[in-house]
Structures are given as C-alpha cells and as structure tokens.
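Labels run A, B, C and D following the written order; every chain starts at residue 1.
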Amino acid sequence: MKTESLALALVECADRRGIIAAASGWLAAVDANIVQADEYAGVDGQFFMRLAFSFDGTRHNFSSLEAGLTAVIGGGSARPGSVRVYDAHTKPAMGVLVSRADHCLVELLYRQRAGELPVSIPFVAGNHPDLAPVVESYGIPFYHVPVTKDTKPQAEARLLELAQGQTDFLVLARYMQIVSGDFITRYGREIINIHHSFLPSFAGADPYRQAWERGVKVIGATAHYVTEQLDEGPIIEQVVERVSHRDDVETLKRKGKSLERQALYHAILAHAERRVIRYCNKTIVFA
Amino acid sequence: MKTESLALALVECADRRGIIAAASGWLAAVDANIVQADEYAGVDGQFFMRLAFSFDGTRHNFSSLEAGLTAVIGGGSARPGSVRVYDAHTKPAMGVLVSRADHCLVELLYRQRAGELPVSIPFVAGNHPDLAPVVESYGIPFYHVPVTKDTKPQAEARLLELAQGQTDFLVLARYMQIVSGDFITRYGREIINIHHSFLPSFAGADPYRQAWERGVKVIGATAHYVTEQLDEGPIIEQVVERVSHRDDVETLKRKGKSLERQALYHAILAHAERRVIRYCNKTIVFA
Amino acid sequence: MKTESLALALVECADRRGIIAAASGWLAAVDANIVQADEYAGVDGQFFMRLAFSFDGTRHNFSSLEAGLTAVIGGGSARPGSVRVYDAHTKPAMGVLVSRADHCLVELLYRQRAGELPVSIPFVAGNHPDLAPVVESYGIPFYHVPVTKDTKPQAEARLLELAQGQTDFLVLARYMQIVSGDFITRYGREIINIHHSFLPSFAGADPYRQAWERGVKVIGATAHYVTEQLDEGPIIEQVVERVSHRDDVETLKRKGKSLERQALYHAILAHAERRVIRYCNKTIVFA
Amino acid sequence: MKTESLALALVECADRRGIIAAASGWLAAVDANIVQADEYAGVDGQFFMRLAFSFDGTRHNFSSLEAGLTAVIGGGSARPGSVRVYDAHTKPAMGVLVSRADHCLVELLYRQRAGELPVSIPFVAGNHPDLAPVVESYGIPFYHVPVTKDTKPQAEARLLELAQGQTDFLVLARYMQIVSGDFITRYGREIINIHHSFLPSFAGADPYRQAWERGVKVIGATAHYVTEQLDEGPIIEQVVERVSHRDDVETLKRKGKSLERQALYHAILAHAERRVIRYCNKTIVFA
C-alpha cells in the first residue's frame, strides 16, 4: 500500500551549473513527483528555489528527504546552502502578541477560522487584558502578560516559555512593545511585525501623524520580519492606498488600519505557505 | 574558443512525473546552464515551462536544441507537446497597424527607441495617412493601405505581403478595422490587439460611452491576442483605474488612453520577452 | 442657551444660475454655518450638492430646515428638486440579510463595533440559521427566516415586518436570494447588495468561475443599490485586484471575498455618511 | 451683445461663518454663474475654495473680479486671504528644464500636442544638448545652457532671463541640477519637480538603488513644488507600483520611469487646471 505525502522545500545556495537538474534528478530517482517549482537566481549569484513534490510516505519521510536534498544541493560546494523540507499538510503554529488594538488580531482570527490562513493558533498573549474576550470567543487561550520597564525581562521570559514549546513563529499584531534582541535570539524562529507606515518612510512613533504632516498622497503599511534594528527587518509585504488633503490624522488611521490588516494577512499567508526565503535583509516571496 | 549563447524556451505539454528532471537533465547533459526557470501546472493536467539557458554556441544551435528538447518532452507521450526555443538576443520583428489615433503608436515607438521594448519595427501601416509623419520621424517606413468595404480583400492582401516577409508578430495599435479570419489564418503568427475597455465588459463599439452610461467606478483596457471572435481572444494584460461621477465620456476617454498605452505596452513586452504561452483561449504570462 | 446641531443636506435639482448663492444665503440668513460643501453639475443639467452645516438647535430643527431649503431650491422651478436634511449625529439603522457565507457579515459587525461604520444594527436575518452564533456574539438579534419557492411571499412579509419598523436601509451581505420587486417597492428605502464580480462583467451565477473561464487578469466586486433588474442597479463602489494564470476558481473566490468585504464596507460607509445621491441608475458619491 | 467668459478662482483664507454665502452672493450680484465649486476647510481653521464661473466679458474682466472677490473674502478680516482669478481659456505657459533623460520630456511634449495638457510650451532648456532634436521635432525652441560648478550663477541668470519673460511656471523634467534658493526667489513663480522615489523614502541620490537595497515591495515617484529644501517641497502627486524580489536596479529604473511620467503629468495637469493650492508645505488638490 502506498501513501502519497506532499512536501514543500525551500532551497537557498550559491548558484551553479546544473543545480535544477541535480535536485529534480534526485527527486525523480527517489520517485518523488514535482508538482510545482519556482526558482530565482539573484544578481549576486545566490540561487533560491521552492519545490512542491509528492512522494511515497511509506518509503521516505520529510527529514530523510531534507537530508538527501541537502547533500545533493551542497555537494562539492564550500558553502553548503540551506534546505528545509516541510510537510505541506502540517499547518505551522502561530503565536500572536497583541496590545489593545484589535483590528489585526480580528483579521487573523477570522481568516484562520474561515480556512483562509493555514496556521494553528495555540495562544494569544497581550500586555493588556482588553482583548481576552474576543480571543476566547474563538476558543483560543489568552494570556495576560503585562510589561513595565522594570518587569520586561520577566515578561519576555514568560512569553518565551509560552512560545517555545508550542509555536513555529510569532506575530506582533500591533503589539506596542519593542522585543529585545535577547528575546529574538533565544526564540530563534521567525517573528513577523506589522508597521503602520510605508517603510522606510515614517519609521518610529505615530507614523500617520508624520504622514499627515508631510502631506503625502499615498499611505501604506509594511509587514516585515523582526530584527534587532527596529523597523528595519526584511520586508515581506507592503500595501498602499491613495489619500488626499481631505484626510486628517483620524481618517488616515482608519484607512491605515485596513492596510495593516491586509499587509499582515498576506505576509503571514506567504510565510505559512512556505513561500518566503529571507536573504540579506530582504525576502524572496514566491507567487 | 567557446561562445556563450542564450536561449529562451517555451514548453507546453501534458504534465507527467519527472518532466522537469528530464528537461533539466538533458540540458545539463549537453552542458547548457539554466539561468532562469518558471513552471506552472494547470488544473486540467497541462504543464507549462519557460527556461532561460546559456549554451556553447559553437557546439549547439537553437534549432538543434529545440529538436532535442522536443524529443525529451514528447518522449513516450501520445501528445507530443510544443517546444519553442528562441535566441534571447534576437529581437522579434513587430509590424504595427494603426488608424488615426496616435497614443498607442507613440508609446510603442518611444519605448522601442528608449530600449524599453525589445523588438524591431520594420514598418507601420495605416488605413489613413495621418500618422505617417510621426512614424517617419522615428526613421521607420510607413505604408498607407486604405480600406473600404469593397477593397478590404485587396488591402488585407497588401498587409499580408508586408507582414509575412518581415514580421514575427503584428500589433493592432487602435487599428479601427476588423481583420478577417482569412487574414488571421494566412498570417499564421500572433496578432495583439488593444481593446479600450475592461473586457468582457463593454465589448464592441464606443466602450467609454457604455461605461459612462452604466456608471462604473473603475474603467480598464485589455490587450489580447486576436482571434476570429472579435474581443474574445486570450487576454494578456488588463489595466484599470478608478473613476467617479465627475468623469464624463471625454475624461473617460482621456484616462482610458493612458490605460490603453500601459496595457498594450506590457502585453507586448511580455510577448517579446517570450513570457507568454497561449492555451485554451487563455494565457500563461510568466513574471 | 444655545445648542449647536449638525446637519447633512443632500440636494438634487435642475441646475440654474445662482443656486449655490441662494442656498448658502438662506442658510446664512438663518444663522447656520456651512462647514463642508460639495457640488457637482452633471452634463445633462442636473445639479447635486451635499452640505454639512451647524445651526442653533434651540431655534431650528431638521425638518424646518429641510422645508426651508426645499422652498429655496425649488423656488420658481417647475421641477421642485429633492432636498433631504439629516441629523449628522443620528446613525442610520441598517438591517442585514445573510445566508451562509459570513465574510461580509463579520466585516460589517466588526467595523460597526470598532466605530468605523456609523450605523446601528437592529437585527440580522438569515434564510439559514448558521450565522446566528456570530451575530449574537455581537449582542445583535438574529432572526431565522427560511425561504423556499413556496414560502417566499410569507418570508418577505416577515422580513418586511422586521425591516419597516426599525431600519433606514437594508444590506444584502451575500444574501443568496433574489428580493422581489414587490418587496423593494413596499420597503421603499434603499437596499444595498454586494455582487461578487466587476459588473457588468459576469452578472448572474458563479462569477468567479466565469472569470476563470474567460481568463481575466483583474477581478472585482461591486456594491450597488438593488433594483428590480438583478445586478443592474446603480453602482456605488467597485474594488479590483490583479490575478494571474496561477489562480484557480478557489483562489479567485478567496481573493474575491476580500474585495467583497472592501467594496461593501466602503459603499455602506458612503451611504451612511450621506455622501451618495442616486440619479438615473447612477450614483454621485461625494468624497 | 454679450460675451460669456469663464473664470477659475482659487481662494484661501481663514475660515469663518458665511464665507460661501458671501462669495456666491457677490458673484450672483454681478450676474456671474458658478458652474463648479469645491471647498475644503482644514483642521487648523483655514478655508480653501475653487470656483469656476462664467460672466459677461463685456461688463467685467478677470482683474476686476479678482479685486471684487478679494474684498468680499477679506472683508473685516485681519488676515485678508488670497484670491486668484484666472481666465479658464488661457493656457499657462510652461518652461521645461531637462538634462539627458527624455522620458518625462517626451510624455509632456506628447500630452501637450495631443490636447491632454492645457499649457503652452515656449521653450525647453537643457544643460546638455542631447534632447534638442526631439524638442525641435515638436516645433519648440531648445536652448542649451550648460552648467558647471563655476558657471552656475551665469547659467541660472540665463535660465531666469528665458523664464521670466515667457513662462507662468517651470518644470524640472529630470533636470539633474539643484536650483539655488536665489533662483527660486527671483523667479517667484511655481517650479514643479519630479523625484524618482516615493518621498520621503529615498530622498537624495540614486533612489532606485536605495529602494533595491532596502528590499521594498512597492516603488513610487513624487511630483512636488520646489523649495530650497531639496526633496522636501509640497507634494502634488505620488504614483506607486508593486515590485518583487525579481526586480533588480535596472528593472526598477525602467518601471520607475513609467511612474515618473505619470506622476509628473498628473501634477502638471492639476496645476495647469488651477486645481492646486499650496498651504504650509502641503497641497490641496481639488478633484
């Protein structure tokens, strides 16, 4: 009896002659069937590939395939490259950190329940208790983890404890706290943030006021991976909308909330579908 | 001495296990190097691929590679598929048919001269003589081929004579004549048309008036391959813009002209860069 | 003691010399202060105006101002025109009809609770009971009013009974039933529908499948006032998004749901803010 | 015999009760007929208005109307406000400064000839001679005014001499020189510049390279009035487009050129149609 499994592989390595042939040949040799392939070779000689392939789950498993592909990709290269193979049918677990604003949170909760966001949500944590009811109405645990200047290390330790055991990545859904470099390092997985401006314009505080003061005719929102440099991590998605002189700071905020919801959703969707590769403070986002 | 050539291959065939491995393996075996690859497998089991690969021009040529890839792709299949291999450094020759409106024509002439449209333009032909000066100011021959109800067969014969010898495809840049099925068949290559509406809305005459009467809030323009069914050929590109109650038919026309220029340009760019495959009255347009 | 009230006036009449002067002069004479004014004169000689003005609520009321403005606007004209004066601080009551799909409903419930949609929602009614829990979680009554071919008159009578007493307008938030001309007439107020295509393209059933079959490169959603002619009422808002050959009917549906949410929300926002005037199967939507 | 003239008035003043009534009443009293009116009251209490009105050219002229409206608007106010009345049928004269890049220039020349840009173009001046042929092919004088570090004062004197006598405003159509504060002051009219980024992101040199290095997913172009602070003048128009990891600096430049053409065109169109009022380093752009 044969059981078809479906894998998603993300490959990054130095570009070289025959690399697609090597990878696809090896997969053919183990009787795997590529159902989708996307490649991109950067201007600096780096090669990126996303493969979706089916295989006989009784003969192979995801880690053996990852090991095999890694050997094929890295063969003879000083830089062995990176190969990750995921089970396409296993939804990654997404922890969510929030503060008081609910617009991004509700978008994610709704999308997840509607089957439009292939993740599980083991918990939501907030530095304020305000959003507990909406989270719990979706049947998801909510943890109140207050943060003050003095208790930040303890708060981060608590968040880390929650996150490490049960999440594959974290989302800051308008979490109004800066996470420390130490937290980022110890968590060791991806953290996605939504910034309420069209970065790099208006980094920092109160971007809609900054935008209004500058008199821009287009506003935006930016979803990016979190790094120690605030608002400077690799951008995953940006969404924009025209505005006019009629908009004041309040209407910019209202319009911006829609953009934030869209940008964050699309960034997480791409991440959860294993379509994003980080490289040199940028992202490759396959279609 | 070795000379690197660069090929673009467009492949279409029934999907099957190992097809990427077969193609990339064969290319590796002839020492060709894939520099870009895009694949798409349709829901109906059809497979599409665009490859850019370099090879040693002293050992292989484009037609031998096309023959070789065709054998690999078609091997053992009842439906042999289609493989076209193009020289990436040879710009396709584009004939242009116009009438009196110059906006699409000027966009194409300018883009071609600016190096933003990789085609050559052996001639422009018009059923009115009005646009001869602008064409000739670009150093391109202009032919006046008037069309009346009675002389349409002769006019098409003349256009065919011009086109067959020196063009790889034709563009109808607001050419206000319907080309006959006979012309399409005898020409036998691609013809791209720009329709001044967001098809399938407002097919037929005076689409901006139709759009105004319906009170739509968004207008568009559509570039498509020409088939015998007027306005129903495979769509390559659509461009849209918001409008409002303030727009009358005249401002819709002015705004629409910008959309027509953009849609036609992007469609031709994709076609000229060998990024488009027609299939079942649709198009696959690789990024 | 003086109490400032804020009025919104929507004016429509035959255009004539001095009409703005007459209206603004009359308002100045009654000591009202115009805080915003938008005018539009159509190509057919019709004049449209939206005014926001404050006035002393101890000396005037909304209906006396409506009567006064009507006299000023209609003075000496065979066609007296239409003047409606609304209390800017009174949110219109919006009844919502749904079926099984929840995406538009949740958008409206969320936006209303978040203060981003100035309406009250006295009830939601569904021809299926599925959405009762989500409605009730927002503290809003849900009525299950099943509809079969045989019971449609009774069902519409029940809906009419619900709607007439407590709503200023109705929204069909993916309500999969056709409302009868009789219902529209007897209700006598506005009904807003969301159609899941970029009308007039793909009117009728299963528009995403139609869009996929036609191979369009842009999809859309259309919010419009309901008339007896299905899918042909005055368009209030259209929202569009680029798609590609990679999209199948399922991803078009998922992307389309986002467009439906946006188009319906923006249409209702404009309607609730008294920014829309219907005229000749079109709409004037002030910014 | 009566001759209808058409005026465009731009009004800016401190907001106060009855201002629309005063202006429209005065126009009615002199038998002028308002055909279009747009108002905007800013959050800081400033009032802006654009009026289009017809009047009897045998009884009034543009400067008497400007004086009359100024008295009405300023009556009794410590801040008299600003009123400009233009002849709607007189196209403003636009001088153009260029360097070597021709994309913006050709867009403007084409649009002007096509009747899509209501300006006259008395001359184009370039610090390089390269674009003389294209300018002269449109029948417009071209002046070569080279600029070096040492000759900048003389060059600006020459440009000023050209501009002062025959232009109403200037456009820097990718003119790669910084104009001095002295030049701006002495010219004393509007200067419009196109910056090849979505300001305030990527001000300064080589913005497409900056955008590529930051890995943004949307690029833009910004048309703004020139002030002494480089790239910080009031923004008139911004146009944006999605890009991806596939774009390198070259394709960003190519895509950006299209955005620059669009942003500059729309900004000049708004300016030439007297739809723009500058205020506090921002712009009010009426629709």
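Assume a contact is a pair of C-beta atoms (placed from the backbone, for glycine too) under 8 Å apart; a residue touches a chain by one contact, two chains touch by 3 or more.
Given the structure is predicted, the values throughout are model-derived calculations rather than measurements.
J.: Among all other chains, pick the one whose mean CA position is farthest from the mean CA position of chain A.
T.: Farthest by centroid: D.
J.: Which chain pair shares more contacting C-beta pairs: B-D, or C-D?
T.: C-D
J.: Could you work out how far the Cα centre of chain A sits from that of chain D, in whole Å?
T.: Centre separation, chain A to chain D: 42 Å.
J.: So, what's the distance in Å between the C-alpha centres of chain D and chain C?
T.: Distance between chain centres: 37 Å.
J.: Which chain B residues sit where two or more other chains touch them?
T.: Chain B, residues with two or more chain partners: 40, 244, 246, 287.
J.: What part of chain A is in contact with chain B in the complex they form?
T.: Touching chain B from chain A are residues 17-22, 24-25, 27-28, 33-41, 287.
J.: How about chain B: which of its residues touch chain D in the complex?
T.: It comes out as residues 102-103, 106, 110, 114, 116, 137, 244, 246, 254, 257-258, 262, 287.
J.: Would you mind writing out the residues of chain A in touch with chain D in their complex?
T.: It is residues 40, 42-43, 198-202, 214-218, 220, 234-238, 240, 244-246, 248, 281-285 of chain A that touch chain D.
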